[in-house]
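Have a look at the structure below, then the notes.
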Amino acid sequence: MHFASDNTAGVAPAILAALSAANAGHVPSYGADSLSAEVVARLRAIFEAPEAAVYLVPTGTAANALSCAALTQPWGAIFCHRNAHIEEDECGAPEFYTGGAKLVLVDGADAKMDPGALRRIIAHTGRGGIHNVQRGMVSLTNATEAGAVYTPAEVAAICAIARDFKLPVHMDGARFANALVSAGCTPAEMTWKAGVEALSFGGTKNGCMGVEAVILFNPARAHEFETRRKRGGHLFSKHRFLAAQMAAYLEGDLWLDLARHANAMAARLSAGIRTVPGAHLLHPTDANEVFAAFPRGAHRRLHAAGAAYYLWPFDQSLEGDAAEALSARMVTSWATTEAEVETFLAHLK
Amino acid sequence: MHFASDNTAGVAPAILAALSAANAGHVPSYGADSLSAEVVARLRAIFEAPEAAVYLVPTGTAANALSCAALTQPWGAIFCHRNAHIEEDECGAPEFYTGGAKLVLVDGADAKMDPGALRRIIAHTGRGGIHNVQRGMVSLTNATEAGAVYTPAEVAAICAIARDFKLPVHMDGARFANALVSAGCTPAEMTWKAGVEALSFGGTKNGCMGVEAVILFNPARAHEFETRRKRGGHLFSKHRFLAAQMAAYLEGDLWLDLARHANAMAARLSAGIRTVPGAHLLHPTDANEVFAAFPRGAHRRLHAAGAAYYLWPFDQSLEGDAAEALSARMVTSWATTEAEVETFLAHLK
Amino acid sequence: MHFASDNTAGVAPAILAALSAANAGHVPSYGADSLSAEVVARLRAIFEAPEAAVYLVPTGTAANALSCAALTQPWGAIFCHRNAHIEEDECGAPEFYTGGAKLVLVDGADAKMDPGALRRIIAHTGRGGIHNVQRGMVSLTNATEAGAVYTPAEVAAICAIARDFKLPVHMDGARFANALVSAGCTPAEMTWKAGVEALSFGGTKNGCMGVEAVILFNPARAHEFETRRKRGGHLFSKHRFLAAQMAAYLEGDLWLDLARHANAMAARLSAGIRTVPGAHLLHPTDANEVFAAFPRGAHRRLHAAGAAYYLWPFDQSLEGDAAEALSARMVTSWATTEAEVETFLAHLK
Amino acid sequence: MHFASDNTAGVAPAILAALSAANAGHVPSYGADSLSAEVVARLRAIFEAPEAAVYLVPTGTAANALSCAALTQPWGAIFCHRNAHIEEDECGAPEFYTGGAKLVLVDGADAKMDPGALRRIIAHTGRGGIHNVQRGMVSLTNATEAGAVYTPAEVAAICAIARDFKLPVHMDGARFANALVSAGCTPAEMTWKAGVEALSFGGTKNGCMGVEAVILFNPARAHEFETRRKRGGHLFSKHRFLAAQMAAYLEGDLWLDLARHANAMAARLSAGIRTVPGAHLLHPTDANEVFAAFPRGAHRRLHAAGAAYYLWPFDQSLEGDAAEALSARMVTSWATTEAEVETFLAHLK
């Protein structure tokens, strides 16, 4: 019962196999190999964005922080949700890469920015001219940190506000595939057609070993991005092995299949939880994360049975009244089995 | 005839196999898995340094820049050779990670810092008190960018100067294994016993896919290093796959065997070149890089035959007088074959 | 009727005269003159802190940002009030000088941090280990941005929380003199005796031309501070003129007299406003700032009469219903006259 | 005999008087006062540059570092002379403000960059594509750190090389007035007509208390400069006092008169030294600095008589053979008297 995170799973077999296949012979380093070129072409095709600049990096933090650095100046405000990964889980990487930009936090249910709140906060920021940080960019996360998914229309609504203030929009898509299959739209509809300028296109959480693509739909800052990637230590010498992962991930829509599986497992878990007396969901289960509250007694049973997941927030205790509800996060992945879900539900009931 | 760089080679079979072996099941992420712990223990044992802090990162630039950031303040001078990788090949990564430290360049034959020159420059830096950058740290590269190897005694001589000024010493060991088997000493003798405080222990150029270890023999800055690694986007979520590479690399002294092979191929190439009329070596061939000058006509033959290597410096031309000597760099690797060397020599003659 | 800010006033006559007096002859530059040494000694005596490191800088932003950089690492959280000057009015200077620290915002009435809220937020920050920014420091402002004053006991309560988490405390004392005469305690009681480690000791707003002192009660980071000041471009070559201002400011307790006058003018204004029907105070008038709401009609009369002050927040309009209350900030200074106050009140009624 | 530096002198009387004159009444802060506007207009007129952006800052280090930050990206190389102030005397301020740019050092006699050397180094930098720092900008100092003056034609030659590589040029004019009166050209001829894009226009060393202007002849980065100045803590609240200094400095060509005097004193000193047996000049005396070597015995006599000046470099000793020549730097200023010069020469002979 492995629900701690989608990154405790291993690598999907086809992706692992691709590493071996890519190992033959000598190839040029630093991305000058043909497989790397092919991946760029594939992502451009998938996103219907023939001009987009595409770069591979090994981690989601690198993808996000480099994207922010490309989109805002050091004195810019990055408008994002209070629970965004860039705010809560990257040890200040965006501040580091941007040279000291300020994350300005926006509230909203299910870790989606509330459009009205976003507009008010952008308007407020920079009202004092040179004395304040300046308006810089907007970053939204899809799927969100609460497992919800912005629809293309919701993305467009955020982007429209940004556009009113002439701000570029970044999407943290560490779980982009999960969001996409949930929303049932095209990659283009979810991104540049809705107004997104830069995307962190996640691979690692969805079956890769360690690779993310940054897609700059506006390639004006491509060279800058390249220098920042190199300067950040994220340009791989044996770049073919980043490319091989991504190529296999995209091949035959594997990325969508893996995400569909993870989402289906989450849906099954979520549906099961809803039938348990005393349990309830805390957020909609749009993608591959389930947030639910259920009695401490059930948590104890699950822990005793070896279930791995986080009490969320962390600072809750298994000690205490058995009937009291504790909230938790369960994450499914490409590797989650129906049996795991059913075993979990059996202990829960 | 692949002599462009040791990073155009693939991954050694045992290391590739280790990735598959590590793929089974779910394991904790971010380095909390048992394989990651094992690698730390192994490196501590190999270096006879039970207290050392050990961290894995994906690239050599990350290893070097993070090491510099841990050893010097933003207002510090980093004393290094004029041709050091941190000066010439990292697009300013050390400046970025340190928050603006200044690389102060030292001359010396074969890309080794001349001890007298180093002492004079350190003494000169900081003479003006608060108006100058302050003395920060020393970084030396072993094997050097010219393919030479500092002996333990030479390392100790550099470290003694640093110690006179109370400066810590970093070793860029992107080709540490090649240097070690060349010098015929122990890892401890080459590093902390000679006075080195932090080592970038290379894996990628010597048969790994993309992994380097940073070893802090003085663990006082371990927590700082961890935050910097995370903040730099270099903490892998599926960390087991960095660990698996390193574990296989160390297993049964594979790392030393791979380096011995690469060095032997370079020695064979070097010996062959010395016998060619009109050709001569530019630096000693201590490790796996050969620097040599030979007639333009021979370069033309080699290029026509598909040999891959760099004219060094880059700005020489194959056009012109066939008898004129052009200088070149040939790098061997774990994957270089005797046949490649012999074919190269055959075209050269 | 000059109530826009205390920095629209000029320089107190004795301080201006001191500049002329300091102009005679040649003296060593960069703070090596005797007047600079004298100022350090005077501030140490006033604060009963013989070991304190004392540095002069030209602006409050420099004093605050350099203090933050000395007290926290780039990956640290700076806990401060949501309306702190370092958050709202310095265009990201703390982020710039610290190398990307994150300001984590705390609520509380009258721009004082609520101790309970502070404790909860500190506890929450860093709960996720290396994934979050780390706990760095606490910064409080006295007098606050809402014109209130922390008593020494209130400062001590904040510092006690910080101490529980081993965090240093900085006090932004741009209006320190106003706070001190309001609280009726000694400089030491307001600062290091209550647990403050670093103080931005304001001069500019209280009658100087452009000088603030940074006092590090713990001098361990003195050298670091000096390098940061130089590196930030804040070390004056003709340093005697910063020292001359500060010496005159301290001489014969001028600083306290100027602050007492400013506070008295604010108290008079505040008392007058309280008697006006339809007007009310928004915060206590502890120092030299008055925050009040009164009808739009009165604002119109005041503006027509040339009164200078800010609607607070800025985004209110003089257009609209005359009876509706608008909120405003009125700041008094060493140069405010009773006549100005009375004229203002006359237009208000 | 005050020849240690031009910053040990005080403030020219007319400039000191202007501070008092500017003190009357309340005026808007942060540069929104009329005197500040007037200064901008005056500098634009003097430089025949009606579109230029003009900003005042308190120190030369701030002027230079902010200018560099406006002209180059963090990954840029700043080409400057090996002895430039930005390299040797600012504790890494350019690295700090630019976010980690690299100063790449160029040789040349009299602290002027040799054009051929500059061209070679620029060509060399960036040859390796993304692996190197990129070409960023050129910074030259006029008058140089060796007391020499670039003529407009020499400035134009440097700028032409920069233009070939599409690089902007900054001039560190901490002693701009001294250079200008020496060259006998117009301010425009010395700067933008020769190809300079940004100028640090010095005031402090030439009789001001602490003010420099940054003039951006290309105003495209004006807003960026403003945010950087604020963020660096260099935007004065009581800005009128920076403006007052600069206004008085410019009034009636005072700045040129002060510089002419300083230059004349240096010329007199230089001429005198040339007549002393055993003494010789080390650099031409184009402006207000004299570099000369003369016997240790003469240095001892001068020190005994209280003459203030620096042995240059610092690490020479008054102990030793009286006949041996030691080199020294003597700086004159607006405040130097003929009597000081003559007394110095009398002791020298």
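When the chains are written out, they are named A, B, C and D in that same order, and each has its own residue count from 1.
Throughout what follows, a contact is a pair of C-beta atoms (placed from the backbone, for glycine too) under 8 Å apart; a residue touches a chain by one contact, two chains touch by 3 or more.
In this text the structure is predicted, and so the values were computed from the model without any measurement.
Counting only chains that touch, the fewest steps needed to get from subunit A to subunit C is 1.
Of the two chain pairs shown, B-D and B-C, the one joined by more C-beta contacts is B-D. Centroids built from CA atoms put subunit B at 34 Å from subunit A.
One finds 41 Å separating the Cα centroids of subunit B and subunit D. Per-chain Cα centroids separate subunit B from subunit C by 51 Å. The multi-chain contact residues of subunit B, meaning those touching 2 or more other chains, are 74-75, 90-92, 96, 99, 130-131, 134, 227, 230-231, 235. Taken in their complex, subunit C has these residues touching subunit D: 2, 4-5, 7-11, 16, 19-20, 22-29, 57-63, 65-66, 90-93, 96-97, 204-205, 209-210, 227, 230-238, 241, 308, 335.
Here subunit B touches subunit D in the complex through residues 74-75, 88-92, 95-96, 98-103, 123, 127-128, 130-134, 313-315, going by the rule given at the top.
Residues 30, 73-75, 99, 130-131, 134, 224, 226-228, 230-231, 235 of subunit D are the ones touching subunit A in the complex.
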